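Per-chain numbering from 1; labels A, B and C assigned in written order.
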Amino acid sequence: MTDKRFFKVSGPFSLAQLAEVSGAELAAAGDPSTQFSDVAPLGSADQTSVSFLDNRRYAEAFSSSRAGACVVRPAMVAKAPDGMALLVCDEPYHGYARIARAFYPADRSVPGQADSASVASSAHIGGDCQIGPGAVIGAEVEIGDRCVIGANTVIGRGVVIGDDCLIGPLATLACCLVGSGAIIHTGVRIGQDGFGFALGPDGHLKVPQLGRVVIEDDVEIGANSAIDRGTGPDTVIGAGTKIDNLVQIGHNVRLGRNCVVVSQVGISGSTTLGDFVMLGGQAGLAGHLIVGDGVQIAAQSGVMRDIAPGGKVGGSPAAPFRDWMRGVSVVDKLSKKKG
Amino acid sequence: MTDKRFFKVSGPFSLAQLAEVSGAELAAAGDPSTQFSDVAPLGSADQTSVSFLDNRRYAEAFSSSRAGACVVRPAMVAKAPDGMALLVCDEPYHGYARIARAFYPADRSVPGQADSASVASSAHIGGDCQIGPGAVIGAEVEIGDRCVIGANTVIGRGVVIGDDCLIGPLATLACCLVGSGAIIHTGVRIGQDGFGFALGPDGHLKVPQLGRVVIEDDVEIGANSAIDRGTGPDTVIGAGTKIDNLVQIGHNVRLGRNCVVVSQVGISGSTTLGDFVMLGGQAGLAGHLIVGDGVQIAAQSGVMRDIAPGGKVGGSPAAPFRDWMRGVSVVDKLSKKKG
Amino acid sequence: MTDKRFFKVSGPFSLAQLAEVSGAELAAAGDPSTQFSDVAPLGSADQTSVSFLDNRRYAEAFSSSRAGACVVRPAMVAKAPDGMALLVCDEPYHGYARIARAFYPADRSVPGQADSASVASSAHIGGDCQIGPGAVIGAEVEIGDRCVIGANTVIGRGVVIGDDCLIGPLATLACCLVGSGAIIHTGVRIGQDGFGFALGPDGHLKVPQLGRVVIEDDVEIGANSAIDRGTGPDTVIGAGTKIDNLVQIGHNVRLGRNCVVVSQVGISGSTTLGDFVMLGGQAGLAGHLIVGDGVQIAAQSGVMRDIAPGGKVGGSPAAPFRDWMRGVSVVDKLSKKKG
């Protein structure tokens, strides 16, 4: 059971409804009319809950689970405990995600503006928006419909935000255009000056940063991440891209569509990524690189060169994945020989 | 002398009192009734101050110090300057810490609630709490006694906080239960959605994150660190664990008791750490790992496998410490041969 | 053209004025009286805009640019498109920076204090300062003239700030002295307790942190960076030093003058850097090190030893730059031999 202090559950749903929502097929044993009232992890689920098995590490927890129903791959059907109803599909995590979203629809705005919010008279706020206590919204800001602006968040002059955006508390947005459906978590910093200096022996001359940050639709940006505005060109985050916590994105960087950027990654200025690029945690990319569509970059990689579409790299400096792994193996053997 | 704008000193204390507080023994030369009025580093201490020597790098500063008294190991007694009183113990840093805490007791709450704070009527605030300007406290929040809630901090619906907690300014707490004695620094983000997506070629489906963050007693969390809530299970920080600045802790991670997590570490989702695990700065851990009690992980390590209790690892990918060092040495020799 | 929602342009300026401002020489073809109204990147500049070419990667964009004028090195004059006026100098990026600063002077304060700011009666605010909505300024704070204090920023008791400082929104300043001309971005955390514990098998004893952070003149600190106060000595950031986003600086660290610290760097406690030290992104430095003037540290380096002035290092653990590159090359060859 989820903690009712924090989460409000919808439903119940019948097994038939869950099959429809998830796109999974009901295995023979399940009664389509059985009602389910919640989702739960394998270990804590009971007869009224739906769970899922995706990662083989948890096969044992599956076999001993008391969940009333479970979303599984076809290959796992035979290993289910007696009496468990099965929702069978090729991608159980997707199936589970759809069911969980039925029980727990995304937060919606509770329309209204807190008395302590400071909203400029020239700002335009759309319909059914929720503006939290202490939020500060600058001159000529435009916010679409059904947005939530978290408590104490600061939105600078001229910022444009689309519909159905969720901006967490204590975030900062400046010099940016944000599409619809964005989720921007607490503590995110968007649109501050990039790190632009003309370096010199007598000190470093600050260079005005005259671009923006353009965030397309359905982007999510994790807590305390920072995205600097462009120097003149814009910094761009493509539609559907998901960025984790504490990520740094430098000026003029362009991320394509549906990229996945794990925590603590750093992308240096003017580097361009294609679509569906995956970056593992703590990876770092030098500036002015071109990284193709579908590239996968292992955690902690240090990327110093362009990467062709579909490439997989790892290590620091980064090399094609197999070369990297081979290098690790060679050093390992040499060091054992020595020992 | 500490800067009186920022720190208020207690005392003075006699040398006998300092010996008692610190658990150290007075060397023969010291007069137990001598009064001391402050602590200070070796380099700037004067006759009225107490200092300490723990790291051998500073032995020279010790020999030339004008501190009136110093906490030292037995082996250093002979190297003390003339006239310096000595407080002798095996762990001078601990002895010094206790003395410094006598001169500078931890900040206490100054009971009261700022006019500009927004506190929900259904929130329950304990006795003698201090609620800073602009703080936002949501519905059904429960806060224990003698807590400080910093200026502009945002505490979401239903959060529970124990007694004697110090929450810095501009922090965010959501979907979490916090024990007693916690110190949560400015800019910390607790309880936001973890990075949970069902990835796919048509885009990435957000998975509801239905767990909490459970923070046990006496935990400290450094500035701008982020701890995501669990997916269904909870994210747990064990009692006495200390976390530095800018650390990332993913959903479902479980840290044991008294772990030490240095700055900029990243721990991926569902990884479990035992008690007294030490993580050096910028280390990264993959997801779904099990790391045993007492494990030590060197700075910048990239941990991709489980580690048995007591293990010491380093490198990326991480290997047992000796293997890592040997590998570094082998590469070093080969590269010099080549040169 | 820059987005007028966010940027207000000065000018126009004649080509002769731009030559004077930038210190560049006019190539023969340019008419000194031609008026220019803005700066722009090579790709989007038109006849009324000034651009620049510094990085050879963009030589092609230069040759096809429609910019009315461009700041270039002497060697590039021959490759300019017909009709483009040229401002020729050895450091085009510096020349461009000066021109861009003429078109876009730094933000100035708009004197006044928001009604929702909380300013202690004992605080002293200089002339012509701008205090944003929700800002909290503690007792006995001293702020110089012409400073901007961003919305919801929290400045703790006793902090001293010089003239002409720009403090972004949602920043935290405590236990610190800040010189003149500082730029402190949104989300920066200055002066919180460092990570100081006397470790032990029964738990970790918190050690009072009794020093300050001293920030000299003309320092810039990037979004969400954290600088802990000293333990007794101070943490010091030397004049003219520029720090990027998400950087961690531990207690007692001393940075010299005009250092450049790129994003996500971590510097452990009590390490001292000389002047003009350059740290690449995600580099980490162990504690108690001495790093000399002019040292260059590559991105992702792990520095575990002192570095003499002028040294260049890379790798983890860091080695002199050539040794590091040779080691990378040796491993690369061995792994290919094996394959």
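One rule holds in what follows: contacts are C-beta pairs under 8 Å (C-beta built on N, C-alpha and C of every residue); 3 or more make two chains touch, one makes a residue touch a chain.
In this text the structure is predicted, and so the values were computed from the model without any measurement.
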Quiz prompt | Angle of rotation relating subunit A to subunit B [CA atoms, steps of 5 degrees] | solution = 120
Practice problem: Taking all residue numbers used at the subunit A/subunit C interface, answer same if over half belong to both copies and different if under half do. | Solution: different
Self-check item: Geometric centre distance via CA averages, subunit C-subunit A, whole Å
Solution: 28
Quiz prompt | Residue list for subunit C, restricted to those that touch at least two other chains | solution = 116, 134, 152, 170, 187, 224, 246, 264, 282, 300, 316, 331, 334
Quiz item: Which part of subunit C faces subunit B closely enough to touch in the complex?
Solution: 116, 118, 134, 136, 140, 152, 154, 156-158, 160, 170, 172, 174-175, 187, 189, 192-193, 195, 197-201, 203-208, 210-212, 224, 226, 228, 231-233, 246, 248, 250, 264, 266, 268, 282, 284, 286, 288, 300, 302, 316-317, 319, 322-323, 326-327, 329-331, 334
Self-check item: subunit C residues touching subunit A - in the complex, by the definition given at the top
Solution: 2-3, 5-7, 39-41, 43-44, 55, 57, 91, 93-94, 96-98, 100-101, 103-104, 106, 114, 116, 132-134, 150-152, 168-170, 183, 185-187, 218, 220, 222-224, 240, 242, 244-246, 258, 260, 262-264, 276, 281-282, 299-300, 316, 328, 331-332, 334-336, 338-339
